[in-house]
Amino acid sequence: MVDVLVAPDREAEVGTLVEEHEEQPGFVRRYIFSTDHKIIGIQYILTGLFMAVVGTLLAVLIRLQLGWPEQQWPLLGRVLPGGFTDGVMGPEFYLALVTMHGTIMVFFFVSYVLVSGFGNYLIPLQVGARDMAYPFLNMLSYWVAFLSAGVMLASFFVTGGAAAAGWTSYPPLSAVPTAVPGSGWGQTLWILSMALFIASFTMSSLNFVATIFCLRARGMAMMRMSLTVWSFFISAILGLLAFPPLTAAAVMLLFDRHFGTSFFLPSGLVVANEVLPHQGGSPLLWQHLFWFLGHPEVYVLILPALGIACDILPVFTRKPVFGYRIQVYNLVAVGVLSMVVWGHHMFVSGMSPFSGEYFTLVTLLITIPMTIFGVNMIASLWGGRLLLATPMLFTLGVIAFFGTGGFGGLFLGNATADMQLHDTYFVVGHFHFMIGGVTLLATFAGIYFWFPKMFGRSMSEAWGKVHFWLTFIPFFIVFFMQHFLGLQGMPRRYYAFTSYEFLQTTMGQNVVISIAALVLMGAQLVFLANFFSSLARGRRAEANPWRATTLEWAAESPPPHGNFGRTLPVVHRWPYEYSVEGLEADYTPQTVSPREAPVTA
Amino acid sequence: MIQQSATFPRPHAADAESALRDDVVQLGVWMFLATLVMLFAAFTSAYIVRRSASDWTPLELPGILWVNTVALLASSGALERARVAGRRGRVSSARRGLATAAALGLAFLAGQLAAWQELAARGVYVPTNPHSSFFYILTATHGVHVVAGLGLLVYAVTRAWNGAPLDHGPTARLMTASTTFWHFLVGL
Amino acid sequence: MREGRIPSKVPVEAFFAGGLFLLTGILGVAYGARTWFPPLASRHGAGIDAMLLYLLVAVGALFLCGHVALGLLIWRGARQPQVTHRLATAKTEWALSAALGLLMALVAEGGVLAIGIPVWSEYFGAAPPRDALLIEVTAQQFAWNVRYPGEDGVFGRTETRLIDDVSNPIGIDPDDPAGVDDVTLINQIAVPVNRPVTVRLRSKDVIHSFFLPHLRVKQDAVPGMTPEMVFVPTRAGTFEIACAELCGLAHYRMQGVLHVLSEDEFRAWLQEHGSR
């Protein structure tokens, strides 16, 4: 393993930038087809934010239907004639909404912004490299990602509408075009879009791992890397190993749909009065392959959120994160364990009950590193001097949501309780806290925190705090209440539940949830307004406005191409040198030499 | 604001930087291979489980598949010799080896297509039975990657013929990477 | 650096921030502490409810503690003029983490396993008792086809090509003598109270899931498979059946009814529905 960048006497030459008189490439090569990781990172973030808006609009429609089923919406009926008849939403549209909301939010919002966006932006800066290991591949990864998003959006406009078999796309529902309208061209485009997404994510992950392994600055040992970088590292490795089974499954589903194969389709199927010719396939095979990716995928999404939270905490408590090494081992343990627990999504699927016991056991195991991780985050607050800036508020929210959502996992992760809770709103509440709450708040924390670095300007603190309060409270209401809807037995993906006696009591709760959800979604306008107006007119930011220690703060705001000027930084200490006893300054950047300040780790 | 450069870093810092670059590229290749292993493992495990079902009717596979395997193995050998020759500076030997490897790779693909044609002539298509479905999908997936590998080889051939050095630098890296990838596909 | 006493006044902003988490914890527990489950009507369901209740209490306590800790630490941290230097040593960190891990493993996980495994085994593992009533349920878009084996206790053969959506939805072979006395219904099941019931699930088209919320029963109906499970209804009454796996447009109204009757009533009911 290459631990040191280059021999000391060569360092100055290696780090040299191009002389000023060389010609500047045009706008297109600089900002559109750039190979600079910072531009690519920002491209991912902006694309992801756009897709988030789309995903949020879908959620608005979902909550309107669930809060007020059978209601007429004349305006919507005119804007979206395909989905509404006489102003009333149709079930086929509802199922497409639910499917696409999930798909877009998971893959095109959280993954693009949090993992690809922040990952690409921060990794070279935080490890002290000039760019990613494969800059051209990096650019390619973004444009394939862009194409993937385009294909997914296009699926709304084909005959039959977008895919409607859930983001999990279980066959036979997703494999037989006549089983539900969205299983026509919509599902095919969904599959193609996912194939492109996986290709793009693979390219990204290769870059993450190679850069972290090989391109760290001199003195940047693995145990001096920030938890943010560690989390991206584990995430990327997980991505590389876990996505291929979904690729294989997607290929097989495509073949079942268009070329008459029977990978997932058994014999004797009768759909829309037609006996299908398939023989001997297994719908469970899809579930195994899908969840083999699906479970590690949620950790791919949440680990960077947790890593970022762990790194923002010290800046605003002015003391090191509690248990740095333990956190690293937790991340590794979770990464490894995440690959063997996938069956907890399949407890009532018809797989062998013995498997159910096995998956319960390992799922219980995975709660241990995650709990220790969460407690360490809380412990990081002990004894600190708290500064309640916006990034810190969101980070505290991350801790709260992580705990709350994580507890729900205990219910779902054991086969017995899951019998009652599988496919109910308990699951919806749980995963929204984890990959919708923890990741969302961490994304916001990261944006408010690194905005000055990325754009050289600061966002408004006041509006940021308003955004926090208007996000945390309604979010908690919506998804906390959904756990209890699940306990009452309310199933998922129901267009309406008005005909069920045992669900009558949930009507009022759904109204409350819908109202809170609308407030939550409306509040994001505050964020968008702040973001874009700060881009244009925000106060100019210095290089290190938060007085943080990690390497990106040693570069200008925003960093130039090549990141660090003529010479690469040399690292002498870990990233948590805050409030060291006996020193005047309450922080010591990683680049400060041992002669000037003692090294604690 | 942000300045972009065309050449970066400067060529005369070549040696150490080049060695690092060698490692970085090889690491990428190995990681990509790990991903591919998972992909083929997914298909293979599905195949193995399916094979144990009661309605499995095994196909009689065309004999030309053995010939194709030998061709690919020979191609792999030629490529390895070419890579070693390149590293030792024996340029014409390396070029010949590269061309041979590419030609044999092409022969492999042609042979695979011939196998498919033979099956089709027998009335065995993708949906005919589970074994045929898996056979076509596995060979197609493998074939797609062979085409990609072949593309890399052809690119290496053109660079080698245009005089690029083969003992260090981008073309050498390309050859090493292609070789690793190629051996993997052969093994598969 | 000598530490002074931490002043007692919390800055306004921190007061609200800490208060937010404190209130979240308290209100969350207050909201959650009520009866949520549909009234229980099966034997194994008691075990599931016990598990759910155990988790609600345990998790509720942890939820409250965690949020209170968060709130109090925010209040404390915002009052401190400087960082406390009694920083934990690495050994302390490891010890605390290990202790916590062990505690979790024993209490939370141990409890889950202790309560959960017997229920799971009963539901799936045990061989169906001899007096169990066997019922076949074939799910389709969008109805539950119910079949009783009749007096001979044997189900007639079914074949896909015989399926006619109106007259023969599950394709019973008319030439099979075992099928002559089969009783078929749509969206209705009746069972006697306190007797085990074995349900054999099938599906004609896509994956559905047979869900009896009051009886804590849920099992996916997967085409190509015939999963079975056993339950014992313990309370007479009428209970709803819902579908718990997305199966298409009318997934939300794949509604059925389960009647739990006395033995006499059940026999009468079966008689009535058997004479076609």
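All chains are identified by letter, namely A, B and C, in their written order; residue positions are counted from 1 within each chain.
Basically, a residue touches a chain if its C-beta (ideal position, glycine included) is under 8 Å from a C-beta of that chain, and two chains touch if they have at least 3 such contacts.
Quantities reported herein were computed from a predicted structural model and do not represent experimental measurements.
S.K.: Which of line, ring, star, complete or other matches the graph of chains that touch?
M.R.: Contact pattern: an open line, chains touching in sequence.
S.K.: Measuring between mean CA coordinates, which chain is farthest from subunit B?
M.R.: Max centre-to-centre separation from subunit B belongs to C.
S.K.: Just how far, in Å, is the C-alpha centre of subunit C from the one of subunit B?
M.R.: Averaging C-alpha atoms per chain gives centres 49 Å apart.
S.K.: Quick one: subunit A and subunit B, Cα centre-to-centre, how many Å?
M.R.: Those two chain centres are 33 Å apart.
S.K.: Measuring centre to centre with CA averages, how many angstrom lie between subunit A and subunit C?
M.R.: One centre to the other, that is 28 Å.
S.K.: Which subunit B residues sit where two or more other chains touch them?
M.R.: Residues of subunit B never touch two or more of the other chains.
S.K.: What parts of subunit A, by residue number, touch at least two of the other chains?
M.R.: Only 280-282 qualify.
S.K.: Quick check: in the complex, which residue numbers of subunit C touch subunit A?
M.R.: 1, 13-14, 17, 20-21, 24, 28, 31-32, 36-38, 47-48, 51-52, 55, 59, 62-63, 66-67, 69-70, 73-74, 77-78, 80-88, 90, 93-94, 96-97, 100-101, 104-105, 108-109, 112-113, 115-117, 119-120, 123-125, 140-141, 160-161, 163, 165, 204-207, 209, 211, 213-214, 216-220, 222-225, 227, 240, 242-253, 255
S.K.: Going by the contact rule at the top, pick out the subunit A residues touching subunit B in the complex.
M.R.: Touching subunit B: residues 2, 5-7, 10, 13-18, 22, 24-25, 29-30, 34, 36, 38-39, 130, 133-134, 202, 205-206, 209-210, 213-215, 240-245, 247-249, 251-252, 255, 259-263, 279-282, 285, 289, 292, 558, 560-562 of subunit A.
S.K.: Give the list of subunit A residues in touch with subunit C in this complex.
M.R.: The touching residues are 91-92, 95, 165-166, 170-173, 176, 179-181, 265-271, 273, 275, 280-284, 317-320, 322-323, 325-326, 348-350, 353, 356-357, 360-361, 364, 367-369, 371-372, 374-376, 378-379, 381-386, 388, 393, 396, 399-400, 403-404, 407-408, 410-411, 414-417, 419-420, 422-424, 465, 469, 472-473, 476, 480-481, 483-484, 487-489, 491-497, 499-502, 578-579, 581-582, 586.
S.K.: What does subunit B use to touch subunit A in their complex?
M.R.: 1-10, 12-13, 16-17, 20, 23-24, 27-28, 31-32, 34-36, 38-39, 41-43, 46, 49-50, 53, 55, 126-127, 129-130, 133, 137, 141
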